[in-house]
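One chain, chain A, links the two complexes that follow: it is found with chain B in the first and with chain C in the second.
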Partner chain A sequence: MSVYRRGLVSRLVEGLRYGGGAGQWSWLLHRITGLGILLYLVVHIWDTFLVIFSPASYDAIMGFYGGKIHGVEYPLLRWAFRLGELGLFASVVFHAVNGLRVILFDLSPIRAVGAQKELFWAVVALFFFIMIPVTFIVIHALVAEPTPVAAAIVFPRNFVQAFVH
Partner chain B sequence: MAVTARSRRVKPAGGFELAAWYFMRISGLFLVFLALGHLCIMHLIHNVESINYNFVSDRWTNPQTGYIWRLWDLTMVNLAILHGFNGLRQILEEWINRAKSRVVLRTGIWIFAGALLLLGNYAILMFVKDADYLKNRRDASSDAVTVRADVDRGASSRHPAAVPAFDVLK
Partner chain C sequence: MSMRTLTVRIKRYVPERDRSPRWEEFKVEADPHDRVLDVIQKVKWDQDETIGLRRSCAHGVCGSDAMRINGVNRLACKVLIKSLPSDVLTLEPILGLPVIKDLIVDMKPFFDHYKSVLPYLINDDPPPTTERLQSPEERARFDDTTRCILCACCTAACPPFWGDNKYVGPAAIVNAHRFIFDSRDRGAAERLDILNDTEGVWRCRTVFNCTNACPREIKVTQAIQEVKQALLTGEVDTHSVVNIHQET
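== the complex of A and B ==
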């Protein structure tokens, strides 16, 4: 057995070599997505605070998130933000679904450990089940005019009305 | 390390850590609905190009539904900050072992989280619609070249109708 060394790099190397399987990877992803969401949350509270502090700044920053600076659209910026938005969405969905898996382990540890592999794949399946339509909707809104695509799924009749009038 | 890693999975025996353990699970369950619902409304049904001051002020000051959305946002922001910063504290305390360093870490984290809680709660609770700003903005944008971000979704010639069912979700 090798001697465990302190230090960030050796910890990371040892950590990646540790053969924890699915549990290790979902643990790592849970942390990374959690930290990513927290970073976004801090920024998001600051930008939303502008709504009460300075409405014009709020509109400017929302325009910036939409890829606009002083009313001029920068397509690359717009795409970068919307792909980031997709990353945020994926992080929240994974963190939520995997968090539910963790709660199942706490409620019934013995049964959950018995079904460990199945539960991991259930998380992966549910993640893609949610993220595939989400990706479609976000990319569609990015490529086309901002279109109420979600309405086509939730309210088909309203969607038809928006086009046929 | 294996021992510490494993022992972290086990429910804490008591005190603050046990309370935090319960809090993470209960707030997590609430946030699954609040945060995912928020994402669906803001990023799928609406999107960043239709969200602006006009949108937020309508949403928060609507006489019928404004209180519901403010209550939603209030619950969400408080639970999310506490959940997030407690998670950050748990991660950092795996690296920071000295008692004195932990006191510094905890103090720093809760001061920062407290400041964000103040900002978030203040904005949601104290918001009042700035009608002058909206009026001036509308006057200015009617003269200028129309930019897509300034056109509320549904108002362009391609999608003329503001779909009534959407207004409920503002």
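== the complex of A and C ==
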């Protein structure tokens, strides 16, 4: 009997086509944000490690994150990294808030599980409550030429760097 | 209500002919009070007799005709045509199990998982002179999970199961719950040990697709979470009434 078994790609496509509710999308977002945060941590630990082994490369990388390659400013690059940071912040906020929702399911199998849809909307509300002002701060600092103070709020790494040197 | 002309799209897979599934389309006149199962039967009887599907009781009890109807797992015999939002009806086999033909999947992996949790009464105590008595409260404790018909709508809706078919899946856990929380049963420790495996309850990521898919409206995720809590606390409470029907 030759049965049809789905491969990995087919399972992924068919899974995304499945009409799951809020639970499926919050689960998927939780996974994606988790992987995003992991990717960031790998890069972050690697660049911080350079501080001791190759301070010159560390400075070059910090410049790159700030939109500079060999001292030349690339505004698009700066925008990409700042928006990336905003995405990272959003990922951490969603992952943390939704993580609390998942913990509630374990602590209270009946009441929290019964209220899963309401809890999902609570996660969405809390996410936007945090993200709207943060987005405003980041975008505002990007659009206006960043003053040192604004830079310190938005780019704490630059602030730390100022003390290091 | 007047008749509706439906465009029925069926994901076909005929092993002698197809290397992978493909769509086929049929036009059917359907009464709004017909069920999806009636529509498939009409196609099979009048247009293409080679369409493969499972059906038995046709009244939502046997659990044979689970399939993806417009993208979600449902029993074809329980979905009315009048409940369809559009005149396009898509029918596909459930996910996560090998497709034998068209809408028929191989249920063996599903039943193997079911059997693995010892879904029967275990009690080696000497039989009493009367029945093994149980209070109404003790009976109510696991009432919700007695209603499972093993249709696989839940397990085949579970993303962790799609990714890892060694996971026992929601249906097996529901049937373990039915005996773990039965005051007459003595096999709870053994079943909890089986479900404490990496492929046991901890694969559940509370996606809730199972609960939404269950044609018997069993609170599947709740049952899984109760089993997880029993594992965490080491206590099985077979007495407290969980008033499932007042919850919603």
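One rule holds in what follows: the second predicted complex is superposed on the first by the 137 of 165 C-alpha atoms of A that agree within 3 Å, B and C clash if a C-alpha of one lies under 4 Å from a C-alpha of the other, contacts with A are read in each partner's own complex, and residues count from 1 in each chain.
As a convention for this text, contacts are C-beta pairs under 8 Å (C-beta built on N, C-alpha and C of every residue); 3 or more make two chains touch, one makes a residue touch a chain.
Given the structure is predicted, the values throughout are model-derived calculations rather than measurements.
When the two complexes are overlaid on their common chain A, residue A:Glu85 makes contact with chain B while staying clear of chain C. In the superposed model, A:Asp106 makes contact with both chain B and chain C. In the superposed model, A:Gln116 lies in contact with chain C only, and not with chain B. Annotation for chain A, partner touching more residues between chain B and chain C: B. Within the superposed three-chain model, A:Ala56 lies in touch with chain B and out of touch with chain C [touch as defined at top]. In the superposition on chain A, contact of A:Ile137 is made with chain B only, not with chain C. Comparing the two interfaces of chain A, the one with chain B and the one with chain C have residues 4, 14, 102, 105-106 in common. By the touch rule above, chain B contacts chain A in their complex via residues 1, 9, 11, 25, 28-29, 31-32, 35-36, 39-40, 43-45, 47-53, 56-57, 77, 80-81, 84-85, 87-88, 91, 116, 119-120, 122-123, 126-127, 130, 133-134, 137, 144-145, 147-150, 153-154, 156, 158-161, 163-166. Listed in rising order, the residues of chain A touching chain C in the complex are 1-6, 11, 14-15, 17-24, 27-28, 102, 105-106, 109-110, 113-114, 116. Listing the residues of chain A that touch chain B in their complex gives 4, 14, 31, 34-35, 37-38, 41-42, 45-46, 48-49, 51-53, 55-56, 58-59, 62-63, 65-66, 68, 71, 73, 81-82, 85, 88-89, 92-93, 96, 99-100, 102-103, 105-106, 134, 137-138, 141, 145-151, 154-155, 158, 161-163, 165.
Within the complex formed with chain A, the chain C residues making contact are 13, 15, 18, 20-21, 68, 70-72, 95-96, 98-100, 106, 157, 159, 162-163, 205-209, 212, 219, 221-222, 225-226, 228-229, 232, 242, 247-248.
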